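Read from first to last, the chains carry the letters A, B, C and D; within each, the first residue is number 1.
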Amino acid sequence: MSEYTSDEMMSVAAARALRAGTSCFVGIGLPSTAANLARRTHAPDLTLIYESGCLGAKPTRLPLSIGDGELADTADAVVSVPEVFNYWLQPGRIDVGFLGAAQLDKFGNINTTVIGADYHDPKVRLPGAGGAPEIAASCKEVFVVLRQSKRAFVEKVDFITSFGHGTGRGDRERLGLRGAGPTLVVTDLGLMRPDPDTAELTLTELHPGVELEQAVETTGWTLKVAADLKTTPAPLERELTLLRELKKAGE
Amino acid sequence: MARVLSLGEAVAELVHDGDTVALEGFTHLIPVAAGHEIIRQRRRNLTLVRMTPDIVYDQLIGAGCASKLIFSWGGNPGVGSLHRFRDAVQHSWPVPLEIEEHSHAGMANRYVAGASGLPFAVLRGYTGTDLPAQTSTIKPITCPFTGEQLTAVPALNPDVTIVHAQRADRVGNVQLWGIPGVQKEAVLAAKRSLVTVEEVVDELEPRPGALILPSWAVTAVAEAPGGSAPSYAAGYYERDNSAYQAWDAVGRDRDEFTKWLNELTGVKA
Amino acid sequence: MARVLSLGEAVAELVHDGDTVALEGFTHLIPVAAGHEIIRQRRRNLTLVRMTPDIVYDQLIGAGCASKLIFSWGGNPGVGSLHRFRDAVQHSWPVPLEIEEHSHAGMANRYVAGASGLPFAVLRGYTGTDLPAQTSTIKPITCPFTGEQLTAVPALNPDVTIVHAQRADRVGNVQLWGIPGVQKEAVLAAKRSLVTVEEVVDELEPRPGALILPSWAVTAVAEAPGGSAPSYAAGYYERDNSAYQAWDAVGRDRDEFTKWLNELTGVKA
Amino acid sequence: MSEYTSDEMMSVAAARALRAGTSCFVGIGLPSTAANLARRTHAPDLTLIYESGCLGAKPTRLPLSIGDGELADTADAVVSVPEVFNYWLQPGRIDVGFLGAAQLDKFGNINTTVIGADYHDPKVRLPGAGGAPEIAASCKEVFVVLRQSKRAFVEKVDFITSFGHGTGRGDRERLGLRGAGPTLVVTDLGLMRPDPDTAELTLTELHPGVELEQAVETTGWTLKVAADLKTTPAPLERELTLLRELKKAGE
């Protein structure tokens, strides 16, 4: 078995979560890496949709932006930005929305807008919403991938850019949101899933070699742990090779 | 019918102090040369509109051209933050920057409404988020048939929209291929429009995936070869990723930025 | 992913008695072969939807397949009236036909709303006309920003939409070029969809002006060469204007029509 | 001077009304004939827009339907039907909407829906609205072309399919309609224009050789006649030749 980094473990775990035969609305960065790895491993027929309007992109190298020429050149169809949001995302055609985050809270709400309590005088001004609010609302389910830290995993996000489970189970239904919302969070330490009853993110898997304490200490709320906490299978040789090729080609 | 002008003439004629100006291009075909010309011509108090303000908007903001930004994602894609944008928002440098913040779906639909001659657009958007509390241009609307509550956003109708395309013919018909973004909508939503192009040709040969903006829907066309670098123009040149990375160091520091600005505008330090 | 079926299989599986069925194609690429297969399979009580019901809808109505028609212009283009349609509306022959009548702009926007997962669309339409008094699916709506009054129409979401295109590949990606009409919207608005094509090919080579319906957005593809005649398929065959003219005499007379129908369905007179 | 028919005079008069350098949303039949004749005579740069999505069509033969391949092949751009109505017609970009009619009343309201007082039990079921209601609403002005008869030119249409001037001047403004509505009606006998004050259609020109009485008798209301009634210039040799070539090529 090769050595691998925790980031590589995270990308492999995220890729594995994407099922063959489904479609995925892909954010740039970690989600795009994972989705492209999935296409090279167990899900060659995974349909990648990028908000730039590339439907069914099959990039041979990792795109650096959501609008790389490579995505357009390999896509089944290239449509306008209004069309990708209105005709393809909004009706709930896409199985999985795959998002990153700056802050994530225990109910899977995502912040990519401002750090700090005052929107008008923020501690840090982040890039903003992009496509995420509607991806989080309209995809059948949402996966979130980000590195674990107390700064990122907070009790309550400073700003809800993209709605997860609000204040708990039932909020999405009350608001009329059609997708199931975040069903999986992939980190460099393990996997979290919303509790079936409360929707609170709960640790269900640890990556190999990670101590439970590490996961608890890098979470800004009192992290609940599943009774049957499992260990993620380590990356396969083939997964690592393909991931490294992909990342190298994208540089 | 569109008039074929030089870039300098076109910006002088179409972009005025205080205007609402949209430069669109989604990763692809960003009208950077036109943005630089606006900086050179020292426009002030612009309301800048763009779904994805990136480095050319960082430059316009740092140069003090803008008093307001309407946007949905402001960053240096693949690199990190826009430091001039952050500095303006957090420290009002060089001038205060008001912001009006939306999501991509909201912005795209605002252009669609603008292009369609409608005062607003309807979408499933923003639900449950903190954006409506900060952005007065997001309101609820009820379906008159089902009673369902949805979201309305007002049309965007810029005073002038600027986009970049691959080609135009000599009477000003524009041909654009590759990722089309929201350019057609942004042009049709605007009172005036400028399309910078890689080249003006005698005849536009049909191409797979190309869209055409007819001459009579465009105000002016200006030849600006390489005019979307460091973004890319499908069929002409690739994205210069190193330029995006290099901008981080320049944008991060007011002095470095000022040097860059002086170089662009030809001011001796 | 779309399955490639025979036309008979596809209609048998996708079109049921009582369904709301849209056959779209604006002058170009009208799915006539599929319409004839619906007649042969003797579907009943269909709500037929189409912006421009022309001779294939006259045939479906005359054959007694439809109990309701949702439309915006019903005629034999360039020739005159649809006599079977008139006979159904004016004399309930062979069965009564309820109508729901819109304008083209309204119908197009109803498909757009359907394709967009919205319950309604907004347009500047119908103002001052007598249509809203006869059509309950036209209502006023007020802009929440300007207070201006506009018109709302509800989404169309057919149980099944059928369109015709030039080509599909063997996994069911569809390629359509020339006048695209409202086909993409009609397919995306529907619960199920069938695309008949001139030919199934190994690979779809890119073409100017072509639009693609990805396989995963289509339920079934069926090869039907000549399937849009007597309308036309750009790149394959031209419109048969004489067939449109000839239909006038057939459609005008119940006996002539019945003979035509028996021939189509293989019934001995 | 050649002999010519009253239909030819009508087509020539209609073509002349289209100004060079403008754009025209063209209905099929008489409007299309006139618009294509205008492109061959005084207005070669007239932009023709067809509801099938053909923008800037330059057909070499007269199209038989609004979606002929010839229109698409010669167009500057071919767009979807929703786009032609939403992005091109609705915002008021098009100078002239050129329409036919089955019935037209003295305030320029158009009926193409039903003949008879009862919509549900019509004397004659007509094709319906098509694109006309929004063409009549949104174009900067509207020209109507149809042959004069008491059946067609009525005091009040049985059904307002496309709104003209309603019950008189000011109705369009009250309804918020942006275009000027019908400004010209071209018939086989002459030209009518809405009175500046009342918007009632008034005979302003007679075609050569037509008696005033003919026009009055074929109008279903008491036709007002302009104080300075003019005579349309007869078709030029060139106009007739081009019109006949066009119609022949379209057969």
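Everything that follows uses one rule, which is that a contact is a pair of C-beta atoms (placed from the backbone, for glycine too) under 8 Å apart; a residue touches a chain by one contact, two chains touch by 3 or more.
All values reported here derive from a predicted model rather than from experimental measurement.
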item: Comparison of C-D and A-C by number of C-beta pairs in contact, larger one; value: C-D
item: Centre distance in Å when subunit A and subunit D are each reduced to the mean of their C-alpha atoms; value: 57
item: Length of the line joining the C-alpha centres of subunit A and subunit C, rounded to whole Å; value: 40
item: Distance between the centres, which are taken as Cα means, of subunit D and subunit C, whole angstrom; value: 28
item: Subunit C: positions in contact with at least two other chains; value: 112, 117-118, 123-124, 148, 184-185, 209
item: Interface hub residues of subunit D, defined as touching at least two other chains; value: 86, 90, 138
item: Which pairs of chains touch, using the document's own definition; value: A-B, A-C, B-C, B-D, C-D
item: For the subunit A and subunit C complex, residues of the former touching the latter; value: 21, 23, 47, 55-56, 76-77, 86-87, 90-93, 138
item: Residues of subunit C that touch subunit D when the two form their complex; value: 26-28, 51-52, 71-75, 77-78, 81-82, 85-86, 89-90, 101-105, 108-109, 111-112, 123-131, 134, 148-149, 178-182, 184-185, 209, 232, 234, 238-239, 241
item: Subunit B-touching residues of subunit A, taken from the complex the two chains share; value: 28-29, 51-54, 64-69, 71-72, 78-82, 85-86, 89-90, 113, 119, 121-122, 124-134, 137-138, 159-163, 166, 171-172, 175-177
item: Subunit B - residues contacting subunit D, complex; value: 1, 112, 115-118, 173, 184-185, 188, 211-217
item: Contacting residues of subunit C [partner subunit B, same complex]; value: 117-124, 137, 139-141, 143-146, 148, 150, 152, 154, 206-210
